[in-house]
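Chain lettering (A, B and C) follows the sequence in which the chains are written, and residue indices restart at 1 in each chain.
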């Protein structure tokens, strides 16, 4: 499994996929930087007249609904529809799922365009499974990733998407297998947009367009590992964000084989 | 007074209030990070269909008009109206007050929803008092905070809001008292959005919903002190922003009691 | 030529021009910080009702079309028209030129308002010359700056604007002269928005409103040199962004005379 992640990283840097992002205002800068640091090329266009041109020339698409409004809803739907039509892989980040009927309806519409991957925290994955939730606390999760496992499996079965849950343990779920990543750091929750950065890096790997399950594993692994290693060099969340980008850029076989804790399970546990 | 600030910080970290932000595009990332670093939880949603849901589940609201336009004006009004109705504390940052009739009308409308706290630089507070100003220089103040004192007192008397003026000396003004904070650093004016970060951190403390004057003092104190201490570790504005977030995260009793310079005056001086 | 750059920097810090920016969401924070760090004062307002008030009180204008949409197109046109009418210098950053007909039409409309300076990477300058390009790769250039030289000259002749091409070598082109800047670092392409920061810093110098060719040279020189020196202190793109802002702030005669590699050619080579 480490070997696969290492190979995907090599492929990414060789091919430098172009990643189209329709994402939220809060994280545009740091997720673009995460995509660049890992070795891909970000693009962010959302104008209704050109969003499909953006999808067409890109290798993959990231949709993150964090600061969605009327105009951006339309941008997202156009982009997702275009990705489906052109068979481009795309990842959905259901930020704040369960906050409002509006948000859940946007998500429901986007799910119809069959995201290749869905990544969220436990609260978001659980809300997405049910499209109703009285316990959302904004955009931060109040639940452990383990608690969202059955919701993630249900989502995978219903929509066919690979589902990633971020948390103390990260889960990546396909129809056949579950992979866990035991890297990361609690300090990552004190930096805005690192979950969104995980989604963005997954999107970068999806641009390889070969094996989306392996690509999702690579994206989750590398972001969480970079966060863990960044924490060791950091005095707080400000320096963590900076070091994380540096380490994404420095990431190589040696670091991966030494520190990555990724495990595969072929049946539910 | 130091004791009060220290206690508020303890309370904040114990309860981690959810802070809803309708703020400007320039500072969304660093103000979200400031809120996280100090120990609260930020949320940023502005879609008309859900902005009230955001206010409803939050403990407090931050409205910052920096990059206001037609859509966002409506988001802000809906949010402020909802906060007033639900008795949620909220803070207004009148960025660029006096720049245009449009901006001043937005501010006038928002003031009708009775912000709990108003925080701005001297130019903004003076423009807000008069709703006319020929001397605005964009979003940076051309005046000392002391010059805005009478305008701040007038605003407090007219609208009942606690008024904070940022500057070389920060002032926090209630009906009965004036508090000064003599921390901060001139280098902070070379980093975009540190005034907005002060507003955001005030918003975080307002989420405690107990004593808004003390909460405003805590917010102003901790941001200005963090900036001052960050400057000592910095080679320029880039590193100041990073260290400021680290120090907000590290802030504790020891730092507060050693470095905070906060004074209370029970009558005008 | 170094003497001119040094003098412009002194002038900038003495006068601290107010720079109005209508720019893209991804880079708003770091370009505002670049403008502050170098010694000018940024403002970012785009509401249709006040965009002209913003231009009126500012010394110069930056228009960057990165994340343009319907609303922002109108903001940009109003601002550019106002700048032309009031004879305020302005710089256009044609991010992603060639991506779509929509984007090219926006650019075509903006060019009618006679930008003082145009700055882009090689792909963008070539697309802008032709208003058609099958080879755009998102917002990153796939071509060397040298390849865009004839397109830049054509643009200069057609529109009268000074044209800057960013790349391994930066070119600044007027009707009579070509200046090269051989500073910078390849790592700068791994940080989002440093091209946009170059545009923003050019905009800051244009606020001196004396000699736009020299001001464009100063802007390009100082940003590229700061990036090069920042790279020497950096472990990756995260720390490069931070150090770049610190070095913009520290930039002085000693650094300029020691490291700047700027050359002037009075005829084509």
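Definition applied: a contact is a pair of C-beta atoms (placed from the backbone, for glycine too) under 8 Å apart; a residue touches a chain by one contact, two chains touch by 3 or more.
The structure displayed is predicted, hence computed values, not measured ones.
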Legend entry - Equivalent-chain rotation between chain C and chain A, CA atoms, steps of 5 degrees: 120
Inset, instruction - Check the residue numbers that chain B and chain C use where they touch, and answer same if over half are used by both copies, otherwise different. - result: different
Legend entry - Chain centre separation in whole Å, for chain C relative to chain B (CA means): 32
Legend entry - Multi-partner residues of chain C (each touching 2 or more other chains): 25, 29, 71, 241-242
Legend entry - Contact footprint of chain A on chain C as seen in their complex: 24-27, 29-30, 66-71, 96, 99-103, 136-140, 189-193, 234-239, 241-242
Inset, instruction - Could you please specify the touching residues of chain B with respect to chain A in the complex? - result: 18, 20, 25, 28-29, 32-33, 36-37, 41-50, 53-54, 57-58, 71, 75, 241-250
